[in-house]
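In the two assemblies presented below, chain A is common to both, partnered first by chain B and then by chain C.
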Partner chain A sequence: MKKCIIVILLCFCALTSFADVSLNGGIQHDGLFGFNDQALNANYDFPYLSNTYLNLGMQSTYVAAGLRLELMPKPLQGYETSFAGAGVGNLFVQANYKWLRLTLGDVYAQYGSGFVLRLYEDRALGIDNSLRGAKLELTPFRGINIEAIGGKQRVYWNCYDNTSWNLDYTQGAVVGGNMELQIDQWSNTMQENNIGLLLGASYVSRYQPMDTIIASYSPLTMYNLPVWTAAADVRAKLRIQDFSLLVEYARKANDPSVENQISYNDGEALLLSGAWSRKGLSIVAQIKRSENMSFRSDRMARGNAAMINYLPAFTTTHTYALAALYPYATQTLGEWAWQGEVRYTAKKNTPFGGKYGTTLNLNFAHVRGLGKGWFGVSEQPYYTDVHLELHKRCSQNWWINAMYMYQTYNQTVVEGHGDLIRANIFVADVKYKVSDNVSMRAEAQYLFSRQAEGQWVFGLYELALWQKLTFTLSDMFNIGGENYWQAGATYQTAGHRLQVSYVRQRAGYNCTGGVCRYVPAQKGFSLNYTYNF
Partner chain B sequence: MKKFIFAYLSIAFLAACQVIPEDKRTIAIDQKTGEATVLLTEFTGVGCVNCPNAAQEAEKLKQTLGNQLVVVAMHPASNPFTKAVEEYDYTAPAADEYYRYFQGTPSTPFPTGVINFMKIDDSYFQDYTAWGNNILKQLNQKSEASLDMDVNLQNRKLTIETKVQSEREYSLLLWLVESNINGAQMMPDGSLNTDYIHNHVFREALNGVWGEKIQANGFATGEYDMSNKYDLNNCAIVGVLLDDDKQVVAVNEISFPDQQTKFLFSINGIGDITNDTVIEVSNVQINPLTKRPEIELHGMLAYEGTLKINIDRDNSDSDDQFCCGDKCTSTNWEKHQEMSFSINGISSWFTHVAFDQPAEYTIRYTLNADSEKPVSLTIKYIYK
Partner chain C sequence: MKRLLISLAILLSLFGSQELYAQIPNLTLRDINGKSVNIQQLCNSGKPTIISFFATWCKPCLRELNAIADVYDDWQDATGVNIIAVSIDRAQDVEKVKPLVDGNNWDYLVLLDTNNELMRQMQVQAVPHLFVIDGKGKIIEQHNGYTDGEETNLYKTLLRIK
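Entry: the complex of A and B
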């Protein structure tokens, strides 16, 4: 194994001697010196936990290659047990010639919105669901894209007995195909009138040998599980000048799994999305219905393991601490979701826009469970987020972001326990540029709720010097409860970024696009380093 | 070339879907079980909405496999699903230690279970849909050892005698579990059920988290004081044999009820009344309103059935009230009175006596339970 890695690295170095070959890469290290804290329920069996990634890539006219080394023998907390390990997490070689591109090794892909296939890496969530196999991309004619993919899906390290180069794979395989037709490429009239039309269709099938799942004990029977399970997706995207419309429908055949409690029902998802934008104003409205659409390469998997597809959350991923306190996770058994957004930018030198312009953003998101019948909606709300944001540059040196947010969060549905939380959140974020080399930022946030942990207050102060060095101090205080504070410094230059901080952090969920990871409470010194070249 | 690639891909996808008709969704299997015993350690929590489904699965398995399967439900405090709902908290420190040993984290999804302390597919935790098959596989294993237990309970002091048939030394774990606990549980529909019955709840590791060594074909005896928190009528002892790799070799379970006193009558501050008891009362408080000396005695009763209570007084110049649970009876100034109460498990009782005139007072309460020896409490007071 180690010899192979050395050979690969030498090959990379040798290839860079060719004139048309470029090398790129990066390193990322996230570590924590943890301290036990009984009040916080922070416990560490090992003094230093870390996740380290080293990416190397090579690009030339006809060939590309890349590899990623991963080192996490004692990873940061909150990931599945099998996440711990070390080795080559990703390796690929790609050849392209005229209308054909072939990738061998670990491949990623997304078809449409991801309803039937989304293979991606998200380090914060601990997701890398690549296929180790092959991907063939064809663009035989203008406006036609065809793709075929197949392989065995990665599931962390040593999850099963199917290890290879320390990686572990599900027992079966995933194969898929996608075709997209850009109709407007064939019509001068459409192009002249700024009309675009994309038609797409995808098909993905999973093979998994039979598992023995007992159906009844008297008489003793087991479920007859499908070893091949397929899902298909069709979509159309129309653009007429300032207006665009996306319609996408996906269906999955019977897929009994532990996640849907061995249901043989088909799954389906429907997405309608409309957007209109013109300079200074944009409006988006979306609606989605999904039912039983979780699609994994292992019917026994839970959590973030072995996911083949992706169900978007239709909720805003907030970056402000209190707005992100109760993040929503897509409910794979089924939900209705609505989302709308209006973004207005007032021009400069207008009464509302001021000297530098002002942006106002109103966003609405609402999610409910499924009711009786196809159009039925449950009385039980899952999530609501209505927020109004203001972005304004007040002067040459002053910026302000302000937000009010109303949120309802069904903690029982999302986390499996708790209340229906209703919260009002106020955020003020002010930045002041002292000079070209010095700027400051301060945040104040307040959350009012009568449920769960009640009221919260958050404050942050940040000082940035010479565009390289930043000091940050923040405190999140639960009124009547615990205090969670952080202090740190970040230094960045020439592609390097180093952050050192002391953290005392509550347990919570880290979510991106509806996919979440539980992060236990943390206390200690964290070290984060990245370098890209 | 292009046509060949397109044709090949089309054909490859055509066969890759399988739809199972409704009448073909189960397959009969012939599974013979050996003589091994299996321990299912279920990790659950009151805040876990899917845990009742897992408990149902465990119950089905228990009914099918009988004594060959022992189920224990642990509520580890370090998982947020076990956070107390209202006053219902079934966590135990030892449960958390086992949970951490199995590499459980705050993010481990519930419900889940561990079978015979073993890793299956590189994980200790198995989804409840996989319990049946994995347990049946374990039952087919050859049994290396067995254990028998005998328990004796007197006045909440428990004696456990364990005999092991084995060719090697093992570790013996003795667990106290309690069933038939009426409490709260989140249900699959998201509602809170406050009349949920919890069974096989792990309470204590009586001889330590990892137990004690027991020799091949050995014998062990231990004495343990039982906390007042547990209803001993619904308790059982689970004995587990572990090998050097901390995997379960054998398991057995024995309930208390045959060994336990059926009728228990106790007074706060004095203890259990098992024989006729006489209390001579002095320094009685004077009620400022009535200007009469008054006494109160409080206690607990443990019994299932109808309890008859006779009150006999030598002197009728007293007025007293006897209450059992939420039912109270006042005296009718007669020297002899008979009352009956229906007791269902554990019930509180108290008696309140007020004395009218200076005199010598003797009040005898005789408790009669079916098939039990009558027990009497006599209060003597000299009012000067």
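Entry: the complex of A and C
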């Protein structure tokens, strides 16, 4: 394997001698010198844990190629056991000519909102669910996009588990096709009146060799698990000047799996989204219903492994620490979700707008489980988030962002234990520009709850110098409990970014768009370096 | 492992010894009004271009783009720069991008990279990530992350390459 990597690297090397070839790439290294902490339950068997990635990409007029080396023999904590390893995580070659593009190797794609297929890489979650095979993209005429994809899915280091390098499709494969028609491209009338219409349809099928499960011995009950499982998605997006409407429906047939307790029922997902927006005012309203739509390339897989599709979390992604304390995770067995947003910007030089303008954003998200009948909902809510955010530039040197949030979080449903947590969260985020070379930012946050760990306070101070260096100090304090603090510095210049910090961090969930990774408590020096070229 | 490290060292030293540059991929994305745009053609306009990757949930991204919005008119008058903001929002969050852009009164061209294809081809791992491109489509510099006040240095770079 190492000889293979050396040969590939030297090939990349040799290609640089061609004039019309351009190269890009990046290095990412995240590491932790951990210290044991009994109170936190932070324990380290190895002094230094790290995840390292090296990406190289080559492009020319008709050909492109890419390679990613991954080194995590002793990875950071919180990833699944199979995540540890080292080798080539991604390798592809691509050829394009006029309206045709063919990619061979490890490929990514997304169809529509991802209900039937989403192949992507997310390093924070430890997800890379690419297919090793081929992808063909065609744009034969204006307004028509066609795509076909097929391959065997990457599940951590499974390409090194067998001698076939994940190319033996008799052991499992995923195939799919997608077509999108941009109707307005064929109508001058529609274009002149700022009307757009996009129609899309996708089909994905998973092959897995025949398997039989014994459900019970007395009486003897056995299930023959289907070798092919298919899913389809249709969608329409209409845009009429400032108004847009998206309707998307997906259905999956007979997919008995460990996750859905060997259910042969069809799965389905429906998404309706409407928005009206023009400068100064916008309104968004969305509804989603999903049931039994988890779709994996391995019926026996759990956790974050082997996912083919992606079920969007219908909640706002928060980055303020206390607002992100209880993040919601999509319940794949089924849920109803509603989301709405109103954004208003008061103009400059008006009483509410002030000299520079003021933006108010009101956002609402609510999730419930499924109840009786198709329209039924569960008695208990799964999640609620109502927040009002204000953003204002007060003067030439002062900015403020303030937020109030009311949240309910069903800890039993999401984490398997705990209460229905109700929390009120207050955030103030102030920035002061001292000069062109010096600026500072401070955050103060407060969470009030009678459940779980009760009240929390968070404070942060950030000092930015010479547009390159930032010092950060933060503390998250559970009143009556533990203190979690962090002190660090970040330096960035050209394509480099280096962050060094001392952290004492609580255990929690790192969630991105409905997929979560449990991160255990951490204490130690963390080092994060990225370089892009 | 030793041979691997030696090869990496040779590779990196060769990178350092040649004038290598990264190019804008030949990719077509839709803007927030549904119009298809080829990003490579946009970046070969003869004027400097800035590509800034952002997400609606990314606070440093919004600070960066709001900070540049305050001075965009002046930058355009002085350098002719064209700023392209590329959203990496996914699924139903894509519908929130235009409302955010309108709410912040941005005059940028905003593209939707819903499948993260451009992000992958430009080796972007986290947002905010910003590229400065000269009039011939060559990437002059890039930043990962945002430090308050960085736009001052960006302006100096634009003046140098205009």
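Everything that follows uses one rule, which is that the second predicted complex is superposed on the first by the 514 of 533 C-alpha atoms of A that agree within 3 Å, B and C clash if a C-alpha of one lies under 4 Å from a C-alpha of the other, contacts with A are read in each partner's own complex, and residues count from 1 in each chain.
Heads up, the rule we're going with is that a contact is a pair of C-beta atoms (placed from the backbone, for glycine too) under 8 Å apart; a residue touches a chain by one contact, two chains touch by 3 or more.
It should be emphasised that the depicted structure is a prediction, and the values quoted were computed from it without experimental measurement.
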{"item": "Side-by-side fit of chain B and chain C on chain A, or clash", "value": "fit"}
{"item": "First (chain B), second (chain C), both or neither touched by A:376", "value": "neither"}
{"item": "Partner chain in contact with A:73 - chain B first, chain C second, else both or neither", "value": "neither"}
{"item": "Chain B versus chain C as contact partner of A:47, first or second or both or neither", "value": "neither"}
{"item": "Chain B or chain C, by number of chain A residues touched", "value": "C"}
{"item": "Touched partner set for A:244, first chain B, second chain C, both or neither", "value": "second"}
{"item": "Contacts of A:227 with chain B and chain C, given as first, second, both or neither", "value": "first"}
{"item": "Nearest Cα pair across chain B and chain C, whole Å", "value": "21"}
{"item": "Shared chain A contacts, counted only where both chain B and chain C touch the same residue", "value": "none"}
{"item": "Interface residues, chain B side, partner chain A - complex", "value": "2, 5-6, 9, 12-13, 15-20, 22, 24-31, 45, 47-50, 53, 60-61, 63-64, 78, 80-81, 83, 103, 105-107, 109-110, 121-123, 127, 129-130, 132-133, 136, 186, 190"}
{"item": "Chain A residues touching chain B - in the complex, by the definition given at the top", "value": "41, 43, 77-78, 80-82, 136, 138, 140, 146, 148, 158-161, 175, 177, 203, 205, 207, 211-230, 253-254, 258, 261-262, 264, 300, 302-303, 380, 410, 412-413, 415-418, 507, 517-518, 520"}
{"item": "Chain A to chain C touching residues, read off their complex", "value": "2-3, 5-6, 9-10, 12-13, 16, 22-26, 28, 53-55, 57, 59, 64, 96, 108-110, 113-114, 120-121, 123, 139, 182, 184-185, 194, 196, 198, 237, 239, 244, 246, 271, 273, 275, 277-284, 286, 288, 310, 312, 314, 316-320, 339, 341, 343-345, 357, 359, 361, 401, 429, 431, 433, 436-439, 441, 464, 466-470, 490, 492, 494-495, 497, 513, 530, 532-533"}
{"item": "Chain C residues within the chain A interface of the complex", "value": "1, 3-4, 7-8, 10-11, 14-15, 18, 20-23, 25-26, 28, 33-34, 36, 57-59, 63, 90-93, 95-96, 98-100, 102-105, 114-117, 120-126, 129, 139, 141-145, 147-150, 152-153"}
